[in-house]
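First comes the structure, then the notes that go with it.
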């Protein structure tokens, strides 16, 4: 497969396109991003790296961090206990909805909506002495790049606009599904969201999900294969807020998006791919990012389906 | 892969299990099924048929028919028009809920909940002179078995208990999303649900979804590959009512269940598999059927993820 | 109290006002009404009739008929049985919502939303040999006017646009809360809605609710006092769709509105009053009608509170 | 009217009754109340005080305090501004539901559900230098009793179980409908709920609502008549959580209940009445309290309807 030629085709198509989406504006700091940024990076198990555009520039990974958090929690706690506190079903509702949480007694629908990720954060805080350091170390170990860190301005900005997440935490605490102090959980959750990584770094970190749980650089088994299968399945059904079906339908790969404009997708046993374009569609996913990935699976002619 | 040995293992395990599920009772005719029935059939692209138990006994396919109906509609109408009338998102709600339909102005969440399948039925009636004959012929052409037909008792029984589906149709008609007469659509929809097929016949019919749209017997291209990819994606995210995430998580294959106790699943480019066990779990899917398929992907060690 | 002077004041104020509301358009026949029509009629127990404008012109009473239907049902069935099939709580949802009905197992919130009135119609059909004749006779007996009848064009027009009510009926039938044939119930329900009466006729008919259940013309006890109290209470909490609180807050009288632009209100032991102005506010109640009644209780200086 | 005889009848009937309700248990401190407590006090404008049982024993007024808070806010801010931040419609949902609040963009349905009372608390904090002192002073001025105060154990107990109210506050703050610090609002809100008063003190305090806004002891006008009418109207439609219709239907008076087991009701221009019995029905209102008030309006033969 000539991946570089396919990426070049997508890059050319991009030049003639105009995104109708809007850069995330709920946090002032995110709204300042240049909407013209566009980068793509594909990391093939057999043949290495392919890329174009702003693929080496770091951006706010936001909800993409939820995949790392879930993985870390699944390594610290058995699945039965973990998935008693958070379900694995698509939400069918906007990503920060309290409605479903109330109807379902404080058990979030899945670990990739805010409520679910807050429960995962609560679990990590209970299990770890230094959750922030551990979290960064985990990402460093996956990428081999120790300079990855949070953006302190984004962190501060999100802190100032976190009332809805505080509402989710309080509601779940009322149902008994949050153990730690609300401020502590909120702080750690926002820490994760404000991490910055480049397309290349994300493709590299996500390689464990395409490579049966092994880090490709040294074939070290980071996550057991059975757990990788499950994480990929959750990405497939829950990775795109209320647009998981559309992504599955158009792209046909498991993946995860963030409101920073990034999307990472995985073709198990083949490759990982990350795309970054800040303008979001009405459902909160990168508009041109989805387009680029749809073109990728169309031009390669294969997906998981 | 020694599929027969794996199926034999599952058959042995089944003997020591007790289903806590209940046979579907909302239609008197379905409630009469022997809950001890159990059959499984795997059809491998490369190595043919494997099976055990009641795999040759026909049962009511119920919602599994929705996959055939969607396929037929996608062959008659372009995707843009079709998916303007029915979405492709998981529902996050019980399979016959009117709530979501009302909030979303009469556009069903996906073609595999009742509301969506009723829209598909409406489309087929508009496009075809003899929709019932066409529907049976389509299944006959996929299986090579012309004796497949409806169970008239099940058909009559469902007709007598169809008020909720009539409510869905009337609501969608109020929103302008149903073109034909309500009785006609209801009649055709129930016709599809009351078709009876065996595990072997279902595995054979579903082979087009595992074989890139080609019938395996003669490699005739029935459905274009791009459309097969999309149908499989919808099965993955929407094939199990409010349990699509759980099925994806535990089994990791696209598939479709019916309240008759059948489940068909597909491993693209590898095999199709059908299991039949009438007792349903609280979410309406065959309890032991889900277990059997989970064991299958665990024992083979591979799924789409 | 100089009621005529108060009504004249309201009439003068009306001349300088412009309604921002819209005439009901969901039925073609209703949308043809002249939006400038305006009439008001107050019937005082002690001092007789006061009026101005189009108070003698008949209009479509629509949902105002639900009060007559409830009264008739309460005379034929005891309250315990009746209110087991329909509750007496405000809906907090638009008047034709299926959502609440589904969450609450087919028991409508109150007899003045469509679902509740359909249950009442079902009850009347079960209890009466000739429900349509009985219904008209009941109104004739309250008003002393035998020429009151339906508008056949409105009746036909509503029949053609009744899918949403058919959806409500089918859903309630699925829950076992509708006994008779759906077409029959729908036909009788629409019959009631398409009756035409003038402001004066409505004020006269509703006098039983202001006069402890007695017809004022001959002090014949039509409804027991205890039942009148209950009907008035339901009008107070449920008479204005999702605006019952607002009407109570601004006007302070029990009453009932219809999408034909009519509102009837009652001051127990004092008077009945009817106002007619076709343009509706976004919640489906006559915009200037609500204003006129608010002015009435402000200018008289007394309400039930 | 021989009120004492009527109250004695109710007292006798009470002796033979067994409440099936349960004392509020969501706060440990409230769950310790003796369920056998029962008191009733009627204060007639013309003829003074009537009572029996534990009518002089103070209990936790809980949500009854919401009427005082609304009144105080209406005296400090004009209705247009105030009711732009909180609506006056019945909720049709349990008293602490977040669902409606989310659908309606952070504007609570009415001032007598928790969300609405929290907005009122926020308003009072913005308007007053010492809101807690002001609040107690207001009650002291209505009752002439300066010993009325909070129960510090109840206050501490509610503080420890306030996550759901914190969730409501955070959600409203995310919508921009809370101005002050969340902890401050929560603290003042709980302060109000933990005030203790006897039946006699409540009947006395509520006399302004029956007496056109004037304190009966000296005919001093505390609240303008137009505002009293509106407060009474809101009590009528929203005073009993999701049971306002039922209370209106059975009792026919405006009123307000609290989970401490108290209910106050008003017959404008006639009397106020308070009943206290701790066991609550499933909707959170005093079971025997509702019964006692239903008997009162039945035995007197008159209500506002």
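A, B, C and D are the chain letters, set down in written order, and residue numbers restart from 1 in every chain.
Basically, a contact is a pair of C-beta atoms (placed from the backbone, for glycine too) under 8 Å apart; a residue touches a chain by one contact, two chains touch by 3 or more.
All values reported here derive from a predicted model rather than from experimental measurement.
Steps from subunit B to subunit D, minimised over paths through touching chains, total 2. Of all the chains, the one whose CA centre sits at the greatest distance from that of subunit A is C. Computed centre separation for the pair subunit A/subunit D is 48 angstrom, with centres defined by C-alpha atoms. Measuring from the averaged C-alpha position of subunit A to that of subunit B gives a distance of 31 Å.
Subunit A has no residue in contact with two or more other chains. In terms of which chains touch, the assembly is arranged as a closed ring, every chain touching its two neighbours and no others. Touching pairs of chains, sorted by label, consist of A-B, A-D, B-C, C-D. Across the complex, subunit D meets subunit A through its residues 97-99, 102-103, 163-164, 166-171, 173-174, 182.
Subunit C makes touch with subunit D in their complex at residues 87-93, 100, 109-110, 225-226, 228-230, 232-234, 236-238, 242-246, 248-249, 252, 254, 268, 298, 301, 303-305.
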